[in-house]
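In the two complexes that follow, subunit A is the common piece, with subunit B as its partner first and subunit C second.
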Partner chain A sequence: MNKVLEIDNFTLSFKIKDKEVKAVNDISLYVEKGEVVGLVGESGCGKSLTALSIVNLQPSNSKIVDGQIEINGEDVLSYSREMWNDKRGKDFSIIFQEPMSALDPLVKIGNQIKESIVAHADESINSVDLKSRIMDMLRAVELRNPELVYDSYPHQLSGGMRQRVLIALSLINNPCLLVADEPTTALDVTVQSQILKILKQMNEELSLSVLFISHDLGVVKNFCERIYVMYAGLIVESGISSDLIENPIHPYTKGLIDSIPSIKKRGKTLSTIKGNVPTLERRSGMGCPFASRCYLAKPVCYVKKLEEQRVGSRSLFCHLINLEEELERIKSDAKN
Partner chain B sequence: MIRYFKNKNIVVGLIFLSLILILMIAGLVALPYDPNAIDIAHKLKGASRAHLLGTDHLGRDILSRLMVGSRISLSIGFWVVLLGSLIGIPLGAVAGYFGGKIDELMMKIIDTLMSFPGILIALMLIAVFDVSLKIIIVALALISLPKFARISRSGFVKYRESAFVLSTKARGAGNIRIMIHHILPHIVPSLMVTASLTFATAVISEAGLSYLGLGIQPPTPSFGKMVSDAQPYIFQNPTYVLIPTLAITVLVLGFNLIGDGIQEVQEREGQNE
Partner chain C sequence: MHYYTRKLLSTLITLFLVSVLTFSIFQLVPGDPAQMILGVDANPQQIEALRSTMDLDKNPVIRYTNWVLRAVQGDFGTSYKYQRPVAALISSSITITAQLAFLSLLLSIIIGIPVGIFIAKRDKEKKVIPLSILSQLGMAIPSFCVAILLIDIFSIKLKILPSLGYIAFSESPFGCFKSLLLPSLSIAFGGAAVIIRYLRSNIVSERREDYVRTNRSIGLSENQILYKHILRNSLIPVITIFGILVSEVLGGSIIIENVFSLPGIGKLITSSITSRDLPLIQALVLYLSIIVVITNMIVDLLYGVIDPRIRIKGDD
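Moving on, here comes the complex of A and B:
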């Protein structure tokens, strides 16, 4: 086992009206070398906060209460500011949701990529090498006219092209870990699949590890090897992708999977999970955060602290369902 | 860049400005007369072939004095803008980018500075240090500094949390690099507006101070000084008072038009985005 990213019992809180509210609550996850791992959940679940925390760009009014983040075995939370500036964009990178606004509108694409290389280079690189390296990268992300893109301003490119440029930008220094925070959400479906293809390709060719964050289980299930399902700052269920999608156990995961539109469900009303993710102020911090929306909920759910149940690669946080029994049941169902 | 030159205000402003610049450059190349040479016999004469714009109450050539005066007015404007922006912009940048306690402290100081009437600060400094061109420039720069600081602060506040700054940070760029390379270029247009308006204000303020006798000291000419000298003779030689007044108007209007023009172009761009 060679873990590139390992997050242990990480808790991030905000202070709202003199009350500490945990936006990310005691989460643990890991990404192995060359692995693509999905982190799924509705908006407001703390997915992006987790992503930002990994690169130490969490909002300045938040506080890391507990836990550890290790990248390549190094405890990154103890990094100094200079260390962060040195490591970010070199050992690990992040791509953001909004390709439209994540590039500086006043700097040409070529120069923005150049900046990334020069900032992390140990020695000076001559401009010919620099340009050929950038061109290779632009070609690798399948930009059709790299020469033109190199000399363009961001507003001259389409959303899909910009996301490709951003991928090129974050991978130019050969990082071992890429955190992709909903990289395809703002793009249309055809472009989305192209971007996913490029990411997959990079993952295979460069043995890049990817933590892929999305609210769309439909996208994640084909793309990721393992999936973590997050709800209200808590990871509620995790497991190997195919296993988790076919046999969801947690009521929240079931709800998410039922709400993916598909051909089979044509003509029927698409099922949804009632209600919304509770806002930070309304989270009690006790019991199961999903209880108020759960069809199984019993009084115990609101008060008792959740414990992790783990069987093999599968893990579950629920008071009412016994993971072991449930897996047995699924196995016997499959036999019949 | 081209869109700036398509704006009517900017074009007219630049024409006005170049009129004064031509006057100044012509003065540097060839002055018709010594601006301080007194010739009482020919005092308060109207325009003639010998004196294109006539003579003043001591028989000095008005055109020559205007040429030298433009040098003073322009250099005061230039130095005030330079000093004001060199100190004000970094102050505002640091306050806006880092926020928190630094921001609060700096803005308190800036607000205090702003709460004094500008002319009062100038009068105070002149009273303490005696009149000189340097003190006038320092006083006017001190008055203009809060404007630059505020504009720069608001720009840095606006952009410090923007997506591209975050993503540049995520690629390992340090604070200084982000401030200079990724935020400052975005607020240059607003700073240019402030600069051109400040230039105009500085010229006016100098004229005002000189008019009160607290600015440029005789015999050195400046636009404001010339107006105040000419006032008693307004009926004997109307062109005498009209010409420096017109020069001030052209210069100030020029800068104001340029400032307005830049703002207009920016607003139109903002709508198109």
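Moving on, here comes the complex of A and C:
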């Protein structure tokens, strides 16, 4: 196995009113070379914090309490500030949810991309080579008029075009890992699928590994090979996409899948998961965080520490469901 | 309409309104100029005669038109007090005020921008608090108080800079600089304080913008981000302040020229007001307003140069 990204028992906390609250709680995940992995959950469950932590852009009032993040086998949490500046944008990149404000309004697109190349170049590159490299990248993200985009200011481009520019910006130095933090959430649906297509192309052509973060399981299911489902700072279930989508086991995953609209459910009321993700202050830190919204919940759920159950590529955090028995049951159901 | 044409047109309209306002205000000021010139002992026939030679008996609209038509040709009439053409009086003192204003603005920028950046960079550190307090004081203290303080330190105690008088640039450039340094510093203290506060708060808020996060994510260092991106974005609002600063500097120079006995426009204004020298006051007020209006126009044009969003919006 060749893991590009490996997060082990990572915990990130905030201090709120003298109380330490864990926003990301003991999560472990990995992305292999050339793999597209999804990290899914509702708003406020810690996905974006996880994404930001990978590139060391987590909020300055947060604190990494425990765990390890390795990229290409290097322990990145021990990096100095200079090391981070050297690696970010070169070995790994991130793209964000909001393309509208993510570019400097006063600098032309071409020059903004140029900066990223120059910042990581060992020797000076002449301006003709620089430009041709940027133009190639702008073409690769399927911008229709790259020459025009090169000389444009951000406000002259649409949201979809800006997100393409941001993808170009993040991939210009051929990183091996891209963290995509809800890159399509702010875009309309047709643009959304184009952006996904480009990311998929980049993944195949450059063997780029992608950690794709989304609140929308419908988007993730066709795009990612494996999926992690996150709830209130915890990964509750993970597995191969098709397997996880067809046979969800954790009540939370089931809830998420039931709330994806589809043609089959036409005319029926779309089911939702009752309640909201508890805010940081209201998390007890004990037991299963989903217990208060779970239809199966028993008293034990609120107090006992969760343990991981693992069968093959499937993993589950739940007190009440036995993963092995459940998988057996699914298998026999399929036979009948 | 094109951004620049539109700006030019609005400037011309403002200038017209300024001239109307200037003229009207001094029509309302109590006291008869003819009486003022001839003194209290003059007989009514004399006053009437002078009034008609001065056109004071004519309709205000006609007088305004005459005034503006002559003013456009550079003829602002004759000063009652000095008995010299107003234009000549102004041109002999404008150099001093222009030099003073220029030096004050320059010092405001030279002090304001680096200190603003310095404080913003160390926003959360305790050691910059005294500087922040000082900049707040700078905005609150009137310039003549600063002037008195500076005179006390540099002229009386250290004896290195003059507290009075003006040396012409043609006589001795260094002497000229020395004679203007304390007056300009007194004005620049407040100007720099304004720049510091605006720049600091702009930098601190720009730092939270999404594009800064993008810059970090591609591996730019904090200094690169500050000087190549944040600073430029933060300076846009400061340029607006610059227009206001020019009018403050001109206002400040009226008082400061009196404190340091500089024979500039400010000195001329005070003496013309105390002697009810109507043609001179009118011309001076118009003059200063024109400078302020034109600076603001330049600021607007600069705005378009630095911010592409404005330029292109205006082109539509």
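Simple rule for what comes next: the second predicted complex is superposed on the first by the 336 of 336 C-alpha atoms of A that agree within 3 Å, B and C clash if a C-alpha of one lies under 4 Å from a C-alpha of the other, contacts with A are read in each partner's own complex, and residues count from 1 in each chain.
Throughout what follows, a residue touches a chain if its C-beta (ideal position, glycine included) is under 8 Å from a C-beta of that chain, and two chains touch if they have at least 3 such contacts.
Only a predicted model underlies this, so the values are computations on that prediction, with no experimental measurement involved.
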Subunit A as common anchor, with subunit B and subunit C clashing or fitting: clash
Partner chain in contact with A:Pro175 - subunit B first, subunit C second, else both or neither: neither
Partner chain in contact with A:Tyr153 - subunit B first, subunit C second, else both or neither: second
Touched partner set for A:Leu103, first subunit B, second subunit C, both or neither: both
Offending stretch of subunit C which, after superposing on A, collides with subunit B (from 20-28, 38-46, 56-64 or 128-136): 128-136
Contact residues of subunit A, present in both the subunit B and the subunit C interface: 55, 57, 84-90, 93-94, 96, 98, 101-107, 115-116, 119-120, 166, 169-170
Of all residues in subunit A, those that touch subunit C in their complex: 55, 57, 82, 84-90, 93-94, 96, 98, 101-107, 115-116, 119-120, 153, 155-156, 166, 169-170
Subunit B residues touching subunit A - in the complex, by the definition given at the top: 99, 162-164, 166-174, 177, 181-182, 185-186
In the complex, subunit A residues that touch subunit B: 55, 57, 60, 84-90, 93-94, 96, 98, 101-107, 115-116, 119-120, 166, 169-170
Subunit C residues touching subunit A - in the complex, by the definition given at the top: 209-211, 213-221, 224, 228-229, 232-233, 306-309, 312
